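Below, chain A partners chain B and then partners chain C, in two separate complexes.
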Partner chain A sequence: MKKALSLLLCLALVATMTAGCSGSSSKSDSDVIKVGVFEPLTGANASGGELELEGVQLANKARPEVLGKKVELVTADNKSDKAEATTAAARLIEKDKVCAILGSWGSSLSMAAGDLVKSNKVPAIALSATNPQVTLGNDYYFRVCFLDPFQGTVMANYAAKTLGAKKVAIVQEVSNDYSVGLAKFFTDAFTKLTGDSSAIVATGNYNTGDQDFNGILTNIKATNPDVIFAPGNYTESALLIKQARALGITCPIIGGDTWETNEFITVGGADVEGAVMSTFFDDTNPPTEAGKTMVTAYKAEYPDRANVPAVTALGYDGYMLLLDAIERAGSADPQAIRDALAQTKDFEGATGMITINENGDAEKDGAIIKVVKDGKFTYLDNVTITK
Partner chain B sequence: MVVGMTLSTFLQQLINGLSLGSLYALIAIGYTMVYGILKLINFAHGDIFMMAAYFAYFGIAVFLLPWYVTFIITILLTMALGALIERTAYRPLREAPKTSLLISAIGVSFLLENLATYLFSGKPQAFPEFPAMTTPIFVGGISIQPVSVAIPIVAFVLMTAILFIINKTKVGMAMRAVSVDYDTAKLMGIKIDNVISSTFALGSGLAAVGALLWCMKYPSVLPLMGVVPGLKCFIAAVIGGIGNVKGAVIGGLILGFSEVLMVAFFPAMTGYRDAVAFIILIVILLFLPNGILGKKQVEKV
Partner chain C sequence: MKNTQNSLGTYLKTHWKTVVFLIVVLIGIGIADQMVNSFVRRLLNLSAIYTIVALSMNLINGFTGQFSLGQAGFMAIGAYTVAIFTVPVGLRATIFYMAPMAPFLANIQLPFVVALLLGGVLTTIVAFLIGAPCLRLRGDYLAIATLGFSEIIRIVFTNTQTITNGALGIKSIPTISSLWWTFGTAIIIIIACFLLISSSYGRAFKSIREDEIAAEAMGVGLFKTKMTSFLISAFFTGIGGGLYAALLGTVDPKQFYFTLTYNFVLIIVLGGMGSISGTIISSFIVTLGQEALRFLDEPMAFGLDLPIFKPGLRMVVFSFLLMVVVLFYRKGLMGTNELTWDFIGQKYQSIKARFTKKAASTQGGDK
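Let's turn to the complex of A and B:
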């Protein structure tokens, strides 16, 4: 009996191990082009990763072939963890031998893979990672979204001009490069706009995964700010807003693109009503023909969803841009793809026209501002800032 | 740094600290009970806490059971889970060295975390709201959520109940006997396996109550939600003197208050609040190696 049980357990173990690998079963046929999708599919950022992956899959369905070869997506879960991220990226490059990588949601996670793509000369396209460091000094990392210096300026403008704020409190996720970077760019832009070097009245720090923010928020309440800027992961941010409201803080709470996930609303409930964030894409008014096509395809694929998340649109764009580059390069050689990506000019993406500059970034000068209204992310404003 | 700290802000921080500390205390009692009997640090305790949160989430949000039914089912299921873990992962190792048991505990912890990720997905689930418990009452600018008051009361009542069980009942007497001398207790006709199972069930029941209150206050449920509270409560149990129930409560309160008060007095340091738990642990262990209420242990050779 005992032996049979242990045998069964061993079998189960082996079965799960092989099941884990089956997604990446190496079909070394030359008629398949392998593209790595590097996303957090478990852990704190899982919802963001899943939204991007859905965008990539949607695009893969719309355009499954390039150069007469089938494109195979190889998914690697970086588990929302910087250490796991390097392992996942290494696996894509060394074991699965992908020709390019898409992702990851979360700047810190993308940066963790930066050195690997650079030293192995495999091009990567960050989809919604907005921190400048992701592509800076790395010829192999590209991106299809705007950057945090821009996003910080957009939200600072919104706070100062639209909301008329004079004093702002900042809450940042200190273990997250995205959050710290965005908070800094916001601070720079806001103090410049108001001409008041002490316009930031309080700064609170927390760590990824924290659930109790009462201490930080009680301090902030005492400084009585006009607005709270709290860029960070969606679950923590939703809990933070809930606790702020329970403490009797009534001022507007604003944040960045990472808030736009369903979990932000389900966890935050009625308390996140009125939360304002900057993001990449508004599905009610796509800026391009490609955007309209993408929205139609999304609605057909997921008829019961309320709207198209911005990061899904970016996932779609990343994949389409990569296939365009492979076509222009005329081969699936990583180096050739990299060179073609670097020369991208006026590519029509769902989120707007994409031209890659010398840093590997898409030059984008427009952002969408959305607000949570009746439990939905609703379009509020369209901001263009010319440099 | 302390400039501008008004009385109401300070009182608010004290309330924050009390409710956080009492939550730690509740979970720490479970750690300490298991250690007291088996001399085993049950690293799966934080994950049992997480499973309890999922049981409650499924009861209310998925199966739409009334909250009181769900709470009872959650506590019973979690107790059964605790006893089951003991039966399958710890009992076969009863005669093995303590290190094997510890490794088995870590294994159970990983198993539960990955099982939860596999079954319930890695995405956070929203725990249903309890407006009666979360709608704040404002007293002179201080916001008090009913749940913040309920947590210390529940913690105190349960601590008293556990102390009563340990000191005044027959099964408690057996627990104490097993804790003092395992082999002699066996010779005296005490059914060791039953005693240990009931210890695990009780400890897991407390983790379930802790999880219910935790989720009312912080309404998101995640497969890895038990890791940090598990670690903090382990520290709380060690600070108070592991194996001592009152010590676990004191340790939990010390930890909760110091975390919140550090945020209050040194706002610039708030990112390091997790480090505070470890610093307190090191400092206390330097001066009181057995924790605050811990008994001096004589190593038997």
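Let's turn to the complex of A and C:
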């Protein structure tokens, strides 16, 4: 009996696996355009991937057709894992035969897919991956968000000009490429703005998952900075701010776009009041008509959500930009789409006007500054950098 | 001369099935290398690399009975060696844009094979430093030390900005796409393991696994034997790590969390602790199985819009299938057996016997 049962289960296993192999490739592909969405939907970065996917789906609902053909989204979960990211991307390209790929949340996951999109000549649009290396030396990877150097410059400008800071302390999450990059570009821009090579008075390092920042903060307190710049993961940053306030550090604490999550406020509570961050998008004040349309659509789709996350807006933009490129290319041929994407000029996205430069990056001249006020992320300022 | 020919002749006579099987496998790889698309190729490559690393883990854990959890750390060393030494010199300035690469490394570029072997050698040296104190002790110290080591190496790589580019990782590593690199290495390592296990060293490994005191009483040098096994295992893991870096084309410290090690623990437990063929089979099952179940993540799996079909379901189903396998095969799929011709013959006989018995008994019932 037991043997028979085990045999049955083995058969079930084989059956499910073969079903998986043969099940999905039987549709006729001529009247649909397939777009791959490549996101971490499980694992450590799942919440970020989910938000981007919602943006893409929202855009798909708003504009389901291009060139008279239906656009079909094919999602592939990359499990927040690099090896999985490459197989997921290869699957989208080879098995699902998508004409372009959107994603992924997380620069390192996007970079892992970079070689594949390049060698298979399928264009990809990164939505919120801010690391310059994603598009660097890769003609097939584009992006709709701004880059770490830009964001670092924005915050340095804010600290130097608006806050009038002369001395800044930096706390970076050393195991996070995003945080390290931002800290570096902030340092460069800030020392240039103030003309003082010792304007950064202290640098503290911590690792993802750390809980206790008192050692770093005590050192920083001794140098008495005007501002603390602490880009990093929202949980750790919120804890850091809490502990800084407990130590009696009263100076403004500023950070990057990753702070804009509800967890930041739930963990930080009253202590994160007044924390300032740069971000991509503000739903109370959309920069373009497309932005207003997007916010209305989002509010209709998710009436119980407080505000539109910036990465969702970027997901929306990525999809809309791609469809615009397909239309301009006049076909769903990957190479034609790539060429059209590369020539994008003044495309009206929800997060602002998008012009793709020779690196494949979106040239943006402004970023939004938000502040935590009464337990909510509130629009504070719009910083424009002239290059 | 005549003697060697003779022994080769007798070898072929007794092992002709194995030789034929090997040739068939090689031809199969050759055909697959020409035919399959890059998605299948990638899965096969990944399976072969997992085979290499899992096999080397099985050597120390399954055959020698020393619980080592340092696989992720050893892979990291191999992977970073390949990454650092094979990235084209011209691209290095753009990759190391935060802080320039250390001058003593910046202009060294090695061929892939040399970097791969160097990665293996460096891993072995590091393994020696860990093994030297730990393997003198009995008990779980090796597990603790190797687990700690693999976390330490990750933190070190995160902080050595000028050598490993820290958290930003290294990209633009020249990639391998041919199946020959991974499968060729895997086959060499499988054969090496097989020869090692059936040699006197292998018997010494197994004697330590069964009972250290008895092994010592029989004259097996505990420290030396454990060390041999540990170092060979580390060398193979370093090679596996190097291939992994060359397959993915990018490395960063986050890839080498200790959870990566658990992947390999899963593979060797599923395949059977102390079975080479079991490890190979389960490496392929785990890698291909996760991908084959991906249809469960898609919302319209069976033409119905069921709310349970959403990302993550395949991992639930995969874990469930694993539990089922472990329930029915408590020692893993193969236990400590090998998939030899005798083993297949026996299985075939026993299945045949069962069916004839069943047929006989039903006939008996009819009467």
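Just so it is clear, the second predicted complex is superposed on the first by the 337 of 387 C-alpha atoms of A that agree within 3 Å, B and C clash if a C-alpha of one lies under 4 Å from a C-alpha of the other, contacts with A are read in each partner's own complex, and residues count from 1 in each chain.
FYI, contacts are C-beta pairs under 8 Å (C-beta built on N, C-alpha and C of every residue); 3 or more make two chains touch, one makes a residue touch a chain.
Being a predicted model, the structure only gives us computed values, none of them experimental.
Once the structures are superposed on A, label A:Leu247 by its partner contacts, choosing first (chain B), second (chain C), both or neither.
So A:Leu247 only meets chain B here.
Given the superposition on chain A, which partner contacts more residues in chain A: chain B or chain C?
Touching more of chain A: C.
With the two structures laid over each other on chain A, which partner does A:Tyr206 touch: chain B (first), chain C (second), both, or neither?
first
Tell me the contact category for A:Asp115 with respect to chain B and chain C: first, second, both or neither.
In the superposition, A:Asp115 touches chain C alone.
Looking at the overlay, does A:Val66 come into contact with chain B only (first), chain C only (second), both, or neither?
So A:Val66 meets neither chain B nor chain C here.
Let me test your reading of the model: by the given contact rule, A:Leu239 touches which partner, first (chain B), second (chain C), both or neither?
first
Is A:Leu136 contacted by the first partner chain B, the second partner chain C, both or neither?
second
Does the superposition put A:Asn219 against chain B (first), chain C (second), both, or neither?
After superposing on A, A:Asn219 lies in contact with chain B but is clear of chain C.
For A:Met353, using the defined touch cut-off, is the partner it touches chain B, chain C, both, or neither? Pick first, second, both or neither.
neither
Answer with first, second, both or neither: which of chain B and chain C does A:Val174 touch in the superposed model?
both
Based on the A-chain superposition described above, do chain B and chain C contact any of the same residues on chain A, and if so which?
In the superposed arrangement, which is not itself an observed complex, chain A uses residues 41-42, 174-175, 205, 207 for both chain B and chain C.
Where on chain A is chain C touching in the complex?
Going by the criterion above, the answer is residues 2, 6, 9, 13, 16-21, 23-24, 41-42, 75-77, 79, 81-83, 86-87, 90-91, 93-95, 108, 111-112, 114-116, 119-120, 131-133, 136-137, 174-177, 179-181, 184, 205, 207.
Quick one: which bits of chain B touch chain A in the complex? Just the residue numbers, please.
It comes out as residues 4-6, 9, 12-13, 16-17, 20, 117, 121-126, 129, 134, 136, 138, 141, 143, 145, 214, 217-220, 222-225, 227-228, 259-260, 262-264, 267-268, 270-271, 273-274.
Which positions of chain C touch chain A when the two form their complex?
Chain C residues touching chain A: 37-40, 42-43, 46, 91, 94-95, 97-98, 155, 158-159, 166-169, 171-172, 175, 177, 244, 247-250, 252-255, 288-289, 291-298, 301, 311-312, 315, 317, 321, 324, 328.
In the complex formed with chain B, which residues of chain A make contact?
41-44, 46-47, 50, 80, 174-175, 202-207, 209-212, 214-216, 218-219, 221-223, 235, 238-239, 242, 246-248, 263, 266-267, 269
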